[in-house]
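Several structures are given next for inspection.
Presented sequentially are two complexes of subunit A, the first with subunit B as partner and the second with subunit C.
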Partner chain A sequence: MQIEVRTRMSQIWRVGLLSTALLAAAPAHAFIAYVSNEKSNTVSVIDTDSWTVVKTIKVGQRPRGIDFTRDGKFVMVAVGDDDTIQVIDAKTQVIVDSLPSGPDPELFAQDAAGKILYVANENDNTVTVIDLEKRARLGDIQVGVEPEGMTISPDGKTLINTSETTNMAHFIDTATRQIVANVLVDARPRFAEFRHDASELWISSEIGGTISIIDPKKHEVIGKVTFEIPGLRKEAIQPVGIGMTKDDKTAFVALGPANRIAVVDTATRKVTKYLLVGQRVWHMAFTPDEKYLLTTNGVSNDVSVIDVAAQKVIKTIQVGELPWGIAIAP
Partner chain B sequence: MTFRIAILAALALAATSGASHAADPRYPDWPCTQAKVPEVSLAAVWAGPPLDDIKDAWKSDAKVSSLVSKLAARKTPMDEAEKSVKEFLAGSAADKATNAKLLFAGLFETLNAQRSQVMNGLERTTRKQREAAEKIRDQTLELQALQSATPRDEARVEALSNELIWKTRIFEDRNKVVRFVCEVPTTIDQRLFALGRVIQQEME
Partner chain C sequence: MLRWLGGVLALSLAATQALGADPTEIGIGYLGRAGVKQTLSLVDQPADNDGLAGARLAIDDNNTTGKFLNQRFKLEERRLRDGDDVAKAATELAERNTFIVADLPADALLKAADALRERGTLLFNVGAIDERLREADCRANIIHTAPTRAMLADALGQYLVWKQWKRWLLVVGSHDEDKLFAHALRRTATRFGAKIVQERVFEDAGGARRTDSGVTLIQRQMPVFTQQAPAYDVLVAADESEVFANYLPYRTWDPRPVAGSAGLVPRSWDAAQDQWGAVQMQNRFIKLNQRRMTALDMQAWTAVRIIGEATSRTNSGDTRKVTDFIKGPDFSVAAFKGTRLTLRDWNLQLRQPILLVDGRMVVSVSPQEGFLHQVSELDTLGYDRPESKCKLK
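After this line comes the complex of A and B, so read on.
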C-alpha cells in the first residue's frame, strides 16, 4: 500500500519532469523527502532519484517539525506562528486539513500505530494529544518550560519530552498521561532519540554541547558523548538532530554552527568521524533503505546527502530559506 | 504640523534607544538582530588539509589572486563562481592540491576582510545614528520652547520644524538601510562556505 502510493507519486513527478529517459534509467528505489523551510514558509519536495527539488509547497508561518503519517498518505507540518499543524496530501501535494495543536507547535511525535500524535507547544508549556483519525484534540499534558524534543519509546508506553529552559527530559506514561520521571541533562536539550532496541535514550543538549545517554528503565544518565573539533570554539558546537541506524551501531549527530555531522560509534560512545555538510546543520532523516542520510542546513539553505555506508557527503541540494526539518516517505 | 514632528522625533528616539540596548553586551554598537560573529573561523568552513604553509603565497600567484577577486565579488553569480573553481582546478593537473589550498586561503582572507569592513561600517552607522538622535532630541526641545514663547517667532518655528522633519527622515532611512545591510555578513558567510565546499569536493 505504502509502496503503491510512493510509486504513483514518483511517476507523477517524473512525468512532470518530462523525462522518459530518466524513467527508464531510474533505479528501483526512489524516495520522496519533504523539507520544512522555516524562513520562506514553504516545504521543498525532493526526489531521491534525481536529487532535485521537484516541487515547493507554500505552507503557514514558520514551518518546523515535519513527518509523514504512518500510512505515508499525509505529511504533517507544524507551523508555529500560525499555531497549528497543517496536513498535506502526499499524492496531490496540497494542504487538505489542519490539526488542533496548542500555541506555537514546534515538534511532534506519533505512536507506533500512527493513531495518536503528541505535540510540543513551545509557548504554553504543554504537550497536546491529538487523535489522528478524528483529527481531534484529546487533551493536554502540562510539562516543563518551553517543551522541545519529542519521541516515543519503541513499545509506545513512554513519551519523552525535553524542556529547553529547565534542562530536563520528562518521561510521560502514555496511558495515564502523567509525568513519571524527570532526568536532568545538559543545557538546552533539543532532541531525543531511542535506540531501536529501547536500551538507551539519547538526548542532545544544544548549549551544553553534549549527548546524554539515559537508561530508560532506571531514569539515569549512564554516559555522555562529547565533541571536539580542532580550531572551533566550544560554543560553536551545538548538537541538535540525532539519527541512529536500524542496527543501533552508528549514530549521526548534527552539530549546528559547527557545520558538521558527527559519526558516533554507539558501543564506545566516541566520535569516529566528522563530516562537513552545510551551515547550521539541524535535523536529518534516513531513506527507508538506509543507504542515504539527508541533513537540513539552515544557513546555507541546502540539504546534504550522505552515503551512509561510505560515510561521505555525495550531494548538496538547494532548498528554501532556513531549512529545519525533514521527513522521508515510509 | 508640530504634532507630527513630535511623533517623528519620538519615533526616532525610540529607534535609537532600541539600538543602544544591543543584544550582546560585548558589542554595544552592533545594530543587527543577527548575532555578531567577529570572524569566521577556518574550521567552520574548511575540513581540508592545513593552510599554515600558504600564508600570503596566494597573493604572489597572479592567476590565483585574480580568481580570488572574481569569486569574492558578490556580483559574480554563485553558479558562475562554482564553475570557475572547477575549471581552474581541473586545469591544474599535478598542482591541484596546492592550487586548491592557495585559492581557498585567498578566499578566506579576502571574504573575512570584506565581512569586517561591512561590520565596522554598521557599527559606525550606529554611532552616527546615536548622535543624530541626540540632535533631534535637543532640537525638539528647542522647538517646544520656541512655540510657547511670547511673542512667537513664526519664521524660526517654521525653519526649525522643517529642519527637524528633514533630519528625522534621514534618520529613518538610515535605519532601513541598516536592516538591509545586516544581512550582508551572512551572505558573505554563505559564499565562503559554498566556495570552500566546492574546492574540497574537487580535491577529493
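After this line comes the complex of A and C, so read on.
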C-alpha cells in the first residue's frame, strides 16, 4: 500500500515538472523559505509575511544543500547520511520522492531549464549528473578531493565545482561533461557564485579566509576580497555563502564563526559594512523581490533577516538545530 | 661522426619532450620503527601500519589534486629494526625521495636529520612529541606535525581550569617519558593557575599487561594506591609507557574523574572527531585502510598534505622551492580542525588545536575560550616564541 502511494506521488511530481511551461509567475507578496536543519533532520518552513516557522518537515539524515525546482513546485534537499536527495512537494509539504544522487550529497546545482541536476558527492570525489524528469543517473565527473561548491554559468555552458582539499575551482563543460580548466584558490573553497552578467566568478575559501574573484574566460584569479574585523582574530573569519544582488553591485558574504555578514562593494572589492547576525553563519537566500536576505546561523539555531536596502538586521527567527541551507520559493 | 652526434641530439630532444609531457614525480620516504608498543587496553593496540596509513591516504589525496597539475606522488616505506643504522637508512631513502616523513624516537630522528643536512632533504617529524626537538635540539630541516608534550598538557590544563577542576592529584609513572609528561603538566598547572595537591609515583615493577585474573587484582590495588590523598578535583596521570593509567578510571578511592594518559586524553586527532568536515576524511580513511584513524595517522597525513599543498601552490616539485614555501609566511594548511594550521617560524612546529577525547567522543577542543594571545590563540598551547631556546640551523 505504502509503495503504491509513493509511486503515485512520484508520478504527480514528474507531471509537475513537465508542466513547468504552463505556469505563470505567482503574484504573492509573502514568500516561503525552506531551511535545512543539519542536526535536527528537519526542514523548517518560514512565512516571510509573519516571519514565523509555519511548519517543520521531518526529512532524512543530515539535510544540507536545499533548493527549489525551477517551477517552484518542489523542494530538493540533500540528505547526506542517507546518500540521497529527497523531494518535498511545496504545496502539501510532504516528501514525495528521492533522487539517485550518489554517496553523501551535499550541494547541487541545476541547469536553467531545470532538467539536469549536478550533485557534489563528498565521499568519492565526483559530481553526479542526474536527469530530473527521468530521475536517472546520467553519469559522473571525476573532480578533486571533497567536492562541495556548485554553480552554473548564466549561459548554462559551464558548471563550476569547488573541491575543498584540492583547493580548486573546476570548470566543467556542460555539453561534454569534461573539465576544461582548474583554478587554484585559497584553502577549503566552499561556495561558488557568478555575477549575473557572467563577468566574474566568486569563490569563498573558508580556511583561507578570502574570496577569490576569477575571470571565467581567462580562468585566472583577478582579485581577492579580504576581511578584517577589529577585535576578532583572523582565524575566526571563515567565508562560506555568497549572495549577489541582481544589479551585481553588492555582494553579501557569510563569515561563519565571525558571526557576521560582510557587505562588499563589487566595484572596489572592498567591505563597506559588517552586519552582526547569529552564530556560525553559512548560507543565505534573497526573497525574489530582493527586499530581504535570510541567513542560516548554525550554532545559534536561528535565521537572521536582513533588510537589503537598509543593510540592517531586522529580525531573528528560531529554527531547528544547526540550520545549514536555505531556499526561497521563486 | 657528425651524423652520429646529430642522432644523439635528436634522441635527447625527443626524450626532453617526452619528459615535458610526463608528470612531475614527487617522492616521499616513510621512515618508521618496526613493531608497535604494547598498550593496557586491547582496543588501543596500534595497527602495524599506524601512521603509514595516514601518509598513504594523503598520497591518494595529493594524487587526485596532482592529476590537474601533472604531479604524481609516491611513497616508499622503510622500517628500522633494532641495531639498524638510522643515518644509513635515511641516506638511502633520500637518494630516491626529496622529502622524508619520520616516525622515530628523538635521538634517531636527530641522527637522520643531521645525516641529510647537506642534501637539503626536508624531514617531517610525525611521531616524537619531545620538547627538546623544538627547543635546544631543534633543526632547520625538520618540520614537526606531531604536537609537543607541553601543547598536549596545556590543552588538557586549559579545559580542567575552565571546568574549575583546579586541584590535581598527579600520578607519575617511573619511566623517563612519563617524567617528561609530568614535567609538562607541572608547567601547565603553574601557567594556568591549577594546584597539584600531591604527586605519587607508580613504579613499573614489570609484569605482563595481560593476565587471566587481571581485573580482580587491579580492582583491589587501585583504590588502595589512591587512598588518603588530600582533597582533589581530578586525578591527572602521566603514563606514556602504558603501565597503569588506564587502570584508574572508576577505581580511585575517592570518586574523581581521571585525565592525562587515561580518561580525558589530549590528542591531535581521534577516530570520533566529526566536526569541520572531518567525517569525509574519516570515511576516506576507513575505505582505504579498513580501520579507524589514529592521531599518528593524522600527523602523517598532515605531513604529506603539507608537501602536496606546497607543490600545488608553487606548481613545482623542486625541493628548494617547495621547502622555502613551507617555511615562508604565506604557508597554511587545512586539516579538519576548524582553522588554518601554520608553522611557528622560530622552531617549525605546526600550530594546531588539540582534541580532548574519552575514547568514544570528542569532549572538547583546546585552546579554550578566554585563553588569549596577541598572535594566535593556538600559541597558548606549548612554549611560545619568547620562551624558546631554539636557534634554527
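By definition in this document, the second predicted complex is superposed on the first by the 302 of 330 C-alpha atoms of A that agree within 3 Å, B and C clash if a C-alpha of one lies under 4 Å from a C-alpha of the other, contacts with A are read in each partner's own complex, and residues count from 1 in each chain.
The criterion applied here is as follows: a residue touches a chain if its C-beta (ideal position, glycine included) is under 8 Å from a C-beta of that chain, and two chains touch if they have at least 3 such contacts.
In this text the structure is predicted, and so the values were computed from the model without any measurement.
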When subunit B and subunit C are modelled together on subunit A, clash or fit: clash
Touching partner for A:259 - first (subunit B), second (subunit C), both, neither: first
Partner chain(s) touched by A:96 [first = subunit B, second = subunit C, both, neither]: neither
Contacts of A:112 with subunit B and subunit C, given as first, second, both or neither: neither
More subunit A residues in contact [subunit B versus subunit C]: C
Partner chain in contact with A:230 - subunit B first, subunit C second, else both or neither: first
First, second, both or neither for A:222, with subunit B first and subunit C second: neither
Touched partner set for A:144, first subunit B, second subunit C, both or neither: second
First (subunit B), second (subunit C), both or neither touched by A:180: neither
Which of subunit B and subunit C A:274 touches, first, second, both or neither: first
Partner chain(s) touched by A:300 [first = subunit B, second = subunit C, both, neither]: first
Stretch of subunit B penetrating subunit C in the combined three-chain arrangement, among 57-65, 93-101, 129-137 or 183-191: 129-137
On subunit A, the residue positions that both subunit B and subunit C contact, one per complex: 233, 257
Residues of subunit A defined as touching subunit C within the complex: 104, 122-123, 125, 144-146, 163-168, 170, 179, 182, 184, 187-188, 207-209, 233, 235, 257
Touching residues (chain side subunit C, partner subunit A) in the complex: 61, 64-65, 68-69, 277, 280, 283-284, 305, 309, 312-313, 332-334, 338-340, 376-378
List of subunit B residues in touch with subunit A within their complex: 41-47, 186, 189-190, 193-194, 197, 200
Contact footprint of subunit B on subunit A as seen in their complex: 229-233, 236, 257-260, 274, 276, 278-279, 299-301, 316
